[in-house]
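Letters A, B, C, D, E and F mark the chains as written, and numbering starts fresh at 1 in each.
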Amino acid sequence: MLKIVTAVIGRDLKLAMRRQADIVSALFFFIIVVSLFPLGVGPEPDLLRKLAPGVLWVAALLATMLSLPRLFADDHRDGTLEQLALAPHPLGLVVTGKVIAHWLVSGLPLALIAPVLGIQFDLSADALLVLTGAILLGTPALSGIGAIGAALTLGLRGGGVLLSLLVLPLYIPVLIFGAGAVDATVTGLGGEGHLSLLAALTFASLGFAPWASAAALKIALE
Amino acid sequence: MKDRFNLYRYASPATFYPLAGRMIPYFAALSVLFGLAGLYLGMLVAPTDFQQGEGYRIIFIHVPASWMSMFIYLVMAFWAAIGLAFNTRLSGMMAQALAPTGALMAFLSLWTGALWGKPMWGAWWVWDARLTSELILLFLYIGFMALTAAIDDPKRADKAGGLLLLVGVVNVPIIYFSVKWWNTLHQGSSVNLTKSSMAQTMLWGMLLMALCFWMYSIAVALLRARTIMLERERHTDWVKAELAGVER
Amino acid sequence: MIYWNSLSDFLAMGGYGFYVWGSFGVTVLIMALEPIMAARTQKLTIARLKRQLRAENRNTAE
Amino acid sequence: MLEADNLECVRGERRLFAGLGFRLEAGELLYLQGKNGAGKTSLLRMLIGLLPPEAGEIRWRGKSIRTLADEFRADLCYLGHLNAIKEELTPLENLLAAARLADEALSEDEALDALEQVGLAGREDLACKYLSQGQKRRVALARLVKEKRPLWILDEPFVALDVAAVDWLAGIISGHLQRGGLAVMTTHQLVNIPAGKVRELRIA
Amino acid sequence: MLKIVTAVIGRDLKLAMRRQADIVSALFFFIIVVSLFPLGVGPEPDLLRKLAPGVLWVAALLATMLSLPRLFADDHRDGTLEQLALAPHPLGLVVTGKVIAHWLVSGLPLALIAPVLGIQFDLSADALLVLTGAILLGTPALSGIGAIGAALTLGLRGGGVLLSLLVLPLYIPVLIFGAGAVDATVTGLGGEGHLSLLAALTFASLGFAPWASAAALKIALE
Amino acid sequence: MLEADNLECVRGERRLFAGLGFRLEAGELLYLQGKNGAGKTSLLRMLIGLLPPEAGEIRWRGKSIRTLADEFRADLCYLGHLNAIKEELTPLENLLAAARLADEALSEDEALDALEQVGLAGREDLACKYLSQGQKRRVALARLVKEKRPLWILDEPFVALDVAAVDWLAGIISGHLQRGGLAVMTTHQLVNIPAGKVRELRIA
């Protein structure tokens, strides 16, 4: 059981390392989008502080989303997905491994860089801590939900954009609670409630998403 | 052998098609009847609400539309579950026939809610849990339609769409209970079977309008289902016979 | 029985006319258009399928 | 061991075949024939359980493959039109990763040995994207060298291979049959498999 | 000369139509991203009005960028690009056609929907007009510059994200002038200066980009 | 007509061949041989001008193809490992689009006729993604039916084709040679081209 999950994680991480661009660039995308906003909006510090949680979360969400289409597409195109579906263990486990690997490559780095970017927006130490925690807790849910969308749109050529259509609505709760946690901290209300909701979302989606994705993948392979 | 009642017979498009054709006028008529009665009670007879003034009358379409938007989604999810479990042809067609109506109901709920919110809360829109989850519902409908339209093999489209429906079904209880779970602007449920806080005429007006919306949805969905059936089964003998019959 | 005193009262809806009639208007519009559109697609589909059937019959007859 | 009963395949609006059945015992090779688009690949994908048949049943050791699921897949080795190799990884990495994901034990030495057998000695550490068409196919085929599972399903395995490699692969399949394995195969090239009993099935 | 350009445009538009999702969804992505921001930031109308130009432009930029990786990748993967490179006319003309088609599918619809979204942000009629004009003038530059990035990263597997890394910095001038035009109108300064700069950017990039992209494509094909 | 002088090919750190040269006249077929990874595809890509040779020169009608550029490409028809067809388009649309992009005149009737010749009658209006492997290859090959350009460069054109299609293609190539065309071809299958003079070149 665990062996196959770690095998998948190991392989996906090795591929990500081999391509290099993958890891560095999801991060860079995040950084660039976050830095674009002050450019488009203008440099008033008060305005920026209010914007910070929203902008950081929307950027995290987009960065995650951008890498989703490739989650299964590469494996599908070169026939690896068939082989994975034919391996003698439930496909859901394989997907669990892929979701974890996706998070390690696209979610974790965001959480690590987020406090640095938050400083730019003049957030307090408290708020930075909550921001990191929220991204750490919320991004696995993004990877999980994203996997379902990626599997459903697999092989449909309009896929990349159709994917965002399916996935973004489901991301909204994560965005609201995630930005809400930081906002609540900034306004002194305490973000614990939001954080525990985020944790609940993540657990629910990690438990459920791999199996739904596996079912969708089987349909795509027919 | 004696003629036994056979569920599968009615789940087959060949028998369902003429049956649906015969039922549509009845549902349409019922819808009009309930609608007229509901509007009469709601718009002409019911007294004003002491808190909200006449603006409350939006309730007579807002609530039925909101209910139907959730209910239709549940029905689609039900068909999806049946389709995935038993592989029946009819279920996918029903889900697809219902989707546009559900989306329109969700849109109406949002539209009337927004028009209600402006005078009551002073804003067209707030990011309250119920409003957000209803918006997500609209996106789920649109996503379902886009997904099934993007897959051209109907069997695969049904399966993938069904899966999406089942995944999204968690949203419905969230919409319904959001007013309980979160302390928000949107008011809680006031329709209660044992004790209602509303005036009797208001309650009856609303229920009649809900019935009107319900019958309307069934009629339109059946109309659309018939078209989809013809399209999908165009190579079967019954459709050819049907088409030849229309000719005459 | 009827609650309203005059038609203009009814139309004004106690100052909420825009909101109430805006809601009802769009609802009526949608509920009128949707069946019409559905019936239209049905008619077009039947016509197209008949055309296809005829073409098929012609091909097999040849 | 492998039986198919009354299979029917419909793709889109086209019925490719119906009432197709066969029975394959240990040591036998089923050689599927048929012209382009006859439905060979579709049949193979039914046999491995990825494509649900419109009608009919497929049994492995007497039980339907739908109820067997994981158990059946543990006995199965499939090689499709696509090579299932990662362009960024080297042949060695590809082979090891494939084995791990398929839950097979394969040591690095065994893998190196297999790669040498398929004529990729000296290219074990070159990313697969630099390999030629035939070399890529060879990487995919290297899996078969140490493959112990009883049922092999091969979709045009000889494509892109040069003459020497075709002979070598025919030998590998023969060995598998001699060890009591089963194989189902399609190919448009005329290839002589020296050992084992060959049954032919033509899809019209 | 013109024949080949129109042939490419025709083919690409037909492909886009065939996939349907393509057109509708780039638009939907735009709409959804624009609507996400109020979610993250909160609903204060004053704040939103200030945000509007920035958010709309950033969203337009992201929507364009999302469809870039597929600009040449599909043709590359299935061998069509080789055939295009072997056709008896300069490759730059082919790329011109592809850039125009890309704009028609991903830029033009944004310009058409932008005023509607602007209303949500409570922009004045003047500002809406300038917004539409700016997006109409600016998006061809986005497609042109994007084509260079898409060609340069073609075949590199980390491509999608590497692409944004290359292209976003070059998009910044468009973003600044585009958002600046709207901003200037809102504050009553008049956006003509910004608009003419946008037009200059677009002309420069449309003249130059196809040939740079063609050169990059030839390298990718070696 | 087509001459290659002293060509050298280096890929990565590996010299695939050096000092390779040949001369091909009208009506002749150059049959490239060599095992997997020998460098056949690389040589073909040099001949069409996509891969600059490390050393040596390629001439068409006496002039270097680098100086000819567009003119040379107007005489050239290349068919690679990849089919260059769009999965979303139908065979008919693919064929017409390819002709327009290559600046060739091809009417719809001619295209339909070509598709019928390659055995795709009845599937002209089915999106290519639903076609079988061999049928996809046939769509790509349909281009050759009406192709009037003198130089054909074909990289393993027989892959995935069934026996009937292989014969048909051999006939098409013969016809081209008889009309005074030139062709360069690789294949690992033994195929008999009835007409024209066949030169063999082995890359070791």
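Heads up, the rule we're going with is that a contact is a pair of C-beta atoms (placed from the backbone, for glycine too) under 8 Å apart; a residue touches a chain by one contact, two chains touch by 3 or more.
All of these numbers come straight from a predicted model, not from anything done at the bench.
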Which neighbours do subunit E and subunit F have in common?
-> none
How far, in degrees, do you have to turn subunit D to put its CA atoms on top of subunit F, rounded to the nearest 5?
-> 180
Most distant chain from subunit A by Cα centroid | F
From subunit D, which chain is the farthest off, judged by mean CA positions?
-> C
Greatest contact count: chains A-E
What whole-number Å value describes the gap between the mean CA coordinates of subunit A and subunit E?
-> 25
At what distance in angstrom does the C-alpha mean of subunit C lie from that of subunit B?
-> 16
In whole angstrom, the CA-centroid distance of subunit C from subunit D equals 56
Mean-CA-position distance for subunit D and subunit A (Å) | 37
Would you mind listing the residues of subunit B that make contact with two or more other chains?
-> 127, 132, 139, 146, 150
Indicate the residues of subunit F shared as contacts by at least two other chains.
-> 81, 87-88, 127
Residue ranges of subunit A touching at least 2 other chains are 19, 74, 77, 156-158, 162, 165, 168-169, 172, 176, 222
State the interface residues of subunit F toward subunit E in the complex, per the touch definition above.
-> 48-52, 70-71, 73-74, 76, 78, 80-89, 93, 97-98, 100-103, 127
In their shared complex, at which residues does subunit B touch subunit C?
-> 28, 43-48, 53-55, 57-58, 61-62, 65, 100-101, 104, 107-108, 111-112, 115-116, 118-119, 216, 219-220, 223-224, 226-227, 230-231, 234, 239-240, 243-244, 246-247
Residues of subunit A defined as touching subunit E within the complex | 19-22, 25-26, 28-29, 32-33, 36-37, 39-42, 47, 50-51, 53-55, 57-58, 61-62, 66-67, 69-70, 74, 77, 156-162, 164-165, 168-169, 172, 175-176, 179, 183
Subunit F residues within the subunit D interface of the complex | 11-12, 34-38, 40-41, 81, 119, 123, 126, 130-135, 137-138, 156, 159-166, 188-189
Enumerate the contact residues on subunit B facing subunit A in the complex.
-> 127, 132, 135-136, 139-140, 142-143, 146-147, 150-151, 156, 159-160, 163-164, 166-168
